[in-house]
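Heads up, there are several structures right after this.
Same chain, two partners: chain A is paired with chain B first, then with chain C.
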Partner chain A sequence: MDELAARRSPIHRLHPAAKLLTTIAYILITLSFDKYDLSGIVPMVLWPVLMFQISGVEVRTCFYKLRIVLPLVMAVGLFNPFFDRDILFHIGSLGVSGGVVSMITLMLKGVFCLMASFLLMATTKIDSLCAALRKLHVPAILVSLLQLTYRYVGVMTEELAVMTEAYHLRAPGQKGIHISAWGSFLGQLLLRSMDRAQELYSSMLLRGYHDHFHYADIDRFSIKDALYMAGCILFFLVLRYADIAQLVGGLFVR
Partner chain B sequence: MHMADALLAPAVAATMYVASASAAGVSIHQLKKDDEPSKLPVMAVTSALVFAGQMINYTIPGTGSSGHMCGGMMLSALLGPYAGFLSMIVILTIQCLFFADGGLMALGANCWNMAFYGCFVGYFLIWRPIMNSKWFGEGKSAERARIIASSIIGCIVTLQLGAFSVVLETSLSGITELPFGAFVALMQPIHLAIGLVEGLITSAVLVFVHDSRPELLQGVELSEGGEAKRSLKSVVAILAAVAIVVGGGLSLLASSNPDGLEWALFGNADKGYSTNMGLDEENFGVDSTAAEKAESIQEKTSFLPDYAFPGSDSSAGTTVSGIVGSAIVAGVAIIICLIGGFFRRRKLKTE
Partner chain C sequence: MIEFQHVSFAYEKNKDVLHDMSFRIGKGESVGLIGANGAGKSTIMKLLLGLLEGEGKVLIDGTEVKKETLGEIRAKLGFVLQNSDNQMFMPTVYEDMIFGPLNYGLSREVVDKRVDEVLSRLHLEDLKHRYNHKISGGEKRMGAIATILAMEPAAILMDEPTSALDPYNRRIVINTIRELEQTKLIASHDLDMILDTCDRVILISGGRIAADGPAAEILSDRELLEANRMELPLSMNVHPYTSGA
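Right, the complex of A and B next:
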């Protein structure tokens, strides 16, 4: 993810606040579609796909992430076809019920929103995102905490991976952590981490930390960023209120 | 329990954002009042640890399956409710941004469901009262038993509240056709089991911390005295047994009353589409003359005449153009991808 965010492209160069706000607008508008408005929601795919291409990030990289987000959406959506059986329309002789339509719409919403937030993170470094959050007046303590935690997630994950491997080497043929070690396994690391946090704080103080972090000045919010934001939001609104799929389809089907 | 964006309507998402943001505001205010700047790195490292700890599999004895932990109770016991809440927010934000676990818009709801209950309800209504009580008598081993009891009860109660909120938020958003009662009957027992396992893991870790560095725990009065140790395993075993009995009883109670589901399956099936949707029957009716005309015109002019609509009407006609249009849009999206890929490859070659 960090590697993707460190690339260069017109999208990467945009102001992080502009990207963040545009992403939020996109998700909000996507969510506002009616649950039966399948043809209305399909054109919403155009924006993320276009942005993925401009930023040089491949679309398929984000689909790997879907395995986490889709199960709950599926679990909720899967019941729709069973409860909402009224036929909305027919394709050939096959009746399509409202439940099927609302299920597909729900899943598309899930996928689109994921694509949008993935796009944001793939084109924005965490530091610039934090700086943007500060510019948007998110409390300093929350932003600092986010940045510090993100930095330490890598360290802790690595440490736990080493510990897990060591544990498994000593307990061959065991699937997870045995109940006798539940407390000490994470507890040991917890105690060490508390000490580490104290050292970390000392080192922060030695480097002149006082009250909050300072961020390298991100570029100013330029006309270009404003235009990008306005253009995108206008595009979303057009997609929301003009049924593009219907119009395009109408050219071919009467 | 992480909710995706798709499960929420914008209005519900916004409401939950406001609720969570208010709780976060109170927390930040309290932390500022405490004025402990050294708490920031402690919070960061602990939340990173909890984050990483969520990936560990804990084998549940006798079942062959494994459990994970979520961390709200543990963080509030170690850091206090306010710092714990902020740490949970950060954990959920990182999960949402980098691991696609939960959505950006659903973050407010997720913070409420998982952090608010775990930290505030768990701490003020369960952890602190139990830790300050005289349950299990006096001394260190009694204190240990209290830790175990409050973590298990806390995790179960807060997860139940969280699961119920998920149901409430999804139902209010009008996302699922699953009736409220059935949805509740599905979610609560599952989270009862999850809460129990999480409670056991949390209590194991907290007891370990209590044994080695009791000053790290919040709301625990340090008691001096080297009385005989009560076996940790025996306390865990007794409490687990109690919890299982209580939990089993509760889930039986929950599932022996599945009338919501039955009602949904047998009572709700004949409810008309039009009343659900608020459409007027006339425009949607199959017998209208407009529909017949449309059918005859359609048969003559459409370039896709093979679409045999039983009782075709105008609204079905627009649906087809919607489908065709959607397919074309999808095609355009794929073409955009292909063009992008082409240019990328060319750029790589020239480099």
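Right, the complex of A and C next:
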């Protein structure tokens, strides 16, 4: 992640605060769509796709990195079809219930928000992001917490990788981890990552860490950043309130 | 500069790792700390840094190590951990190196200059912008040493600084340690390195100090070393007649 964030592109060079606020706006607007408004939400995919293009981050990388969280987000909407059985419209002779529509809408919302958050992380260093948060007067303690959490997740993933490797070396030909080992595996993972986090934290204390990081200097908020932000948010609002599906549909029908 | 007064320590009840230990290290001395696995070398270092708390008194520059003085004490000490994975926590080596100095209020320019000095001294210019999770164990060790040197502490504690290093890097580290004017306490099983870098050696065994004296004397005492699960340093072995044993 840190590596992606250290690349260069017009998006990477934008002010972190501009990117952060734009992303928040995108997420809020995406979430604000009505749960049956499937045709309204689909065009929202345009922005992340465009940003992936400009920033040079591959969509593939995004889905690969998020492969663990994605199913969870998708699962959220899974029960809707059972609760909401009113038929909304028909495709041929097949009745489509409100539940199915709202399930798909919900899933799309989740996926879009994940994509947007991923883009933010992939184009902004965690340090600059934290620096931006400080500039926006978010309390230092919260920002440090965010940064420490970010590091802890990193430590845990590393330990997980090491342990999985060690496991497979001694259990050749096995796919995944046998269920009988899950308990001790998880326990060890937690203990080990906590131990390491503890040592890392002391190593920070030993080097004079108090309660905040010294963040990289970030550039001033420039016209370019303001334009980017205003442009994107305007775009979101258009997508939100103009009925794109109808407009596009209108073109063909005429 | 560093003083232990009747220090005892146990991780678990009734299992003393250190027992009533006292020693004193003067300013500018360089002292090797040796002993078998589990003898308590890392524990001694952690007590000095206030990461662990035991019975008795630990003094740094005449100040007792306790909660209220931790900030002041830690500013004077640089600690190279036995496990470098736990030392480096920033994305890149460079960011790790500037972390400590910035915390102590130095300006960007001063810090950047220091970083470059240290890196060239250790011949590590190439490592500067590498990612910590993408460098080898030995490279990480060198990086960890660099982060501590960049802090320019009054005393340096090193726990196994040369483990994982190839002969070339080991030699660079030895030479660098020799050039440092600070007080040094170095724990290691690499007795040749200790012989090259330290004037004095403290041997720990069974939670007590088994020997304390000039490096050349202790490290040439075959019986003493073998009784404590160690061997004569190679350089001593080659010239049995000059060992003075």
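Assume the second predicted complex is superposed on the first by the 168 of 254 C-alpha atoms of A that agree within 3 Å, B and C clash if a C-alpha of one lies under 4 Å from a C-alpha of the other, contacts with A are read in each partner's own complex, and residues count from 1 in each chain.
Please note the rule applied: a residue touches a chain if its C-beta (ideal position, glycine included) is under 8 Å from a C-beta of that chain, and two chains touch if they have at least 3 such contacts.
Just so it is clear, the model here is predicted, and its values are computed rather than measured.
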Which superposed partner A:3 touches (first chain B, second chain C, both, neither): second
In the superposition, chain B vs chain C on chain A residues touched: B
Contacts of A:106 with chain B and chain C, given as first, second, both or neither: first
Which superposed partner A:206 touches (first chain B, second chain C, both, neither): second
Contacts of A:165 with chain B and chain C, given as first, second, both or neither: neither
Touching partner for A:196 - first (chain B), second (chain C), both, neither: both
Overlapping contact positions on chain A, where the chain C interface meets the chain B interface: 151, 196, 200, 204
Residues of chain C defined as touching chain A within the complex: 49, 51, 71, 74-75, 77-79, 81, 83, 85-87, 89, 91-92, 95, 99-100, 102-104, 108, 131, 133, 147, 151
Residue ranges of chain A in contact with chain C within the complex: 2-3, 6, 125-127, 151, 154, 158, 196, 199-200, 202-210, 214, 217
In the complex with chain A, residue positions of chain B that touch it: 2-10, 13, 24-25, 28, 31-32, 37-38, 40-49, 51-53, 55-61, 64, 66, 78, 86-87, 89-91, 93-94, 96-105, 170, 174-179, 200-201, 204-209, 212-213, 216, 232-233, 264, 268-269, 272-273, 276-277, 297-298, 301-304, 306-310, 315-326, 328-330, 332-333, 336-337, 339-341, 344
Chain B-facing residues of chain A, complex: 1, 23-24, 27-28, 30-32, 35-36, 38-39, 42-43, 45-46, 49-50, 52-54, 56, 58-59, 62, 65-66, 68-70, 72-73, 76-77, 79-80, 82-93, 98-99, 102, 106-107, 109-110, 113-114, 116-118, 120-121, 139, 141-142, 144-146, 148-153, 155-157, 159-160, 164, 174-180, 182-191, 193-194, 196-198, 200-201, 204, 211, 243-250, 252-254
